[in-house]
């Protein structure tokens, strides 16, 4: 599910980096609070475990491979904020020190595999686990949470990839980054994740939890905290849904202008390939999402900035709400 | 070969790669002499240029420059090229391939494979399709090569120190440092666990044995994880660690670093100017 | 083996004092009712079977875990979590006690041997020249200068141990704690280590070693404290007395009678877990 560099336009990458920032800031704060205990090494070990889990590739139909991520089990044990931090660190190491995955796309990968998986996985686990007290049920809940969360992450990755050809095409019309639209990217991605990779995540999550129950139950948050999670679940679903909407929205609506603007910038910077007869072409080109029209540039740019701020505002409020819910519950 | 065995090989490969890349990082080449901060800046400039570019020749030219950089940094070109191009076809290649045909990317046909007008059945490689696939492949290959160049010529702790100096959040630096270290402990554990297991088995693993192996491996790994985490932290405390990381500063920017950034910018602009007039 | 007990001045107050210390780990007792004290320059072995709480005792001495019951005093001050809140006190205590862990992998977390050895002086706030000088001399003493740029976790077991020791030596603590120092080492590295401990002690350092390896006890101890499997001190005496008391050793699982069959014949002998018995 790692999106390498070259598959996403820098615009998409940049947007996703921005979306990640408040989440990671909150997560770092959470981790810092626990610095006085032995949490830091435990977190790092979960990251290492996540790194290793991501190295274990399962063959998928069609010749590609998929893998589990391990975010859900760390969120169940360490909480969703620290859980997302563990996978983030694993992804940073893969991208930066092993040259695996991408550096511009790191934001996208962190968003899909760390942030969304941690929040969704944790919410689903809490909701399901609150029903019954038996250990067996908790393990099943964890496995189901793992399965759903990884598929959510895969769906997001598919959407991020699938919107590339819609937004970013050269003047002659060929896609510049990932070449297939949503109709191809979503089924291709989901096929492998609904089957093998999803099962792998379910397997890793359930198995590790059962192992913890058997050998070190003190690691698991006491039942009290898990019990009344009914209120949390609907909110969590809304949040996740918003998050999913946010990614394409933040790109699609202003994307036309953004893409255009960046090309304009490029020519100013001296980067892009700007043919002599460019002005004639602009009039001819009118793909639905690509209004190559310089006259609206100023307004669309403002529009983009506005929606950008709106996006950040939504994310911050979501985090704030989520935080409130957690705080309430811990009392 | 079962997927477990394949994974085992990958894991061993990762360890070896890492060992190998550290030996390259210690050679006395051009990129090794640069301050890691400079390298990160130049790396990001190139990466952005490659990913923003809408000109295929521009991307290919940057790749050629990377080959030159690899050469003057004492990296075997054969290794540098094969490390990227050996794996690329399996992942990006498979993804890029269908895009060359008219049903994914319509356009001017270059090579007609099937043309049956009666049934409206037409398959051809299109000009646009070929361009699309080439764009993806070259962009990915050049981006990956850039990453490899950075990793190969910089010992990882110096990269980490550079990130620290560039004001990356300290908590991430601390966690990255520890995680990186644990990865090796865990990798070695997994490796020896499977090798021990394998030596006791004759022939291939059955499906059930595979599953059983993975589950017991996870359990053992997790156990190791916990014991390690407590003790490692204690060992750090014992030697004066107080949740603050200190790094001995041994970075110095030289005139070489200044010229490297100038040269990077010049190369990017120069290449643009060349391909603009085409 | 000559005991040089004369250099220990028992008239001075002890540097470490345990008064009825108890400790629980995840609701299981790990130590109970531990009372003893240590004087400067002593050479002590904590002897006990696996799980008797030797390692935990060392960790309490080093201020890594804290007693649940009773008090532990080091250099005249009560050591608890609160003690370490003050940075200066914390550095002062840490620089006086050094701990060499059983598993070198646990202790070696830096990316190069140099970073490992420099870690303690760097984090204890010495000035830069002192840091470099101490690091250099520690590496010289352990003969690991040539490994300086290597990654610690890619070294051999013996080399790892030397790096681990150098990483403590770089801040020259007065009290040294060793946890199962010979485990996993080849005989040559073992004897080197024993020489090192001897040398440390002869420079008036206090050395406390936790082990179940009887063959090294005489070389590294002038006092042996035996821990039982229910986590109490059951004996505290000179090594000769402890080692010759086979009933005691048998009772606390430090040796055991071993019955097995050789070509149809049942055969019984005392088993010490160790083939090499060195004096």
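Side notes on the structure shown:
The chains carry the letters A, B and C, assigned in the order they are written, with residues numbered from 1 in each.
Convention: a residue touches a chain if its C-beta (ideal position, glycine included) is under 8 Å from a C-beta of that chain, and two chains touch if they have at least 3 such contacts.
Remember, it's a predicted structure, so these values are computed and weren't measured experimentally.
In this assembly, C is the chain whose CA centroid lies farthest from the centroid of chain B.
Measuring from the average of all protein CA coordinates, the nearest chain centre is that of B. Work out the mean CA point of chain B and of chain C, and you get 43 Å between them. Chain geometry summary: the mean Cα position of chain A and that of chain B are 20 Å apart. Averaging C-alpha coordinates per chain places the centre of chain A 48 Å away from that of chain C. Contact with two or more other chains is made by residues 216 of chain A. Residue positions of chain B touching 2 or more other chains, listed in rising order: 156, 178, 180, 185, 228, 232, 234, 236.
Against chain B, the residues of chain A that register as touching in their complex are 4-7, 9-10, 13, 28, 31-32, 35-36, 38, 40-49, 51-52, 55-59, 63-64, 85, 88-90, 92-93, 95-99, 102-104, 170-180, 184, 203-204, 207-208, 211-212, 215-216, 219, 262-263, 266, 270-274. On the side of chain B, the complex with chain A involves touching residues 3, 6-7, 10-11, 14, 17-18, 44, 47-55, 58, 90-92, 94-96, 98-99, 104-105, 107, 128-129, 131-133, 135-136, 139-144, 147-148, 150-151, 156, 159, 169, 171-172, 174-176, 178-180, 182-183, 185-187, 190, 214-215, 218-219, 221-223, 225-226, 228-230, 232-234, 236, 243, 268-269, 272-273, 275-276. Taken together, the chain B residues at the contact with chain C in this complex read 19, 22, 26, 155-157, 160, 177-178, 180-181, 184-185, 188, 228, 231-232, 234-242, 244, 246, 248. Within the complex, the chain C residues that touch chain B are 59, 62-65, 87, 90-91, 94-95, 97-99, 101, 103, 105-107, 109-112, 115, 118-120, 122-125, 128, 131, 149, 151, 153-154, 167-168, 171.
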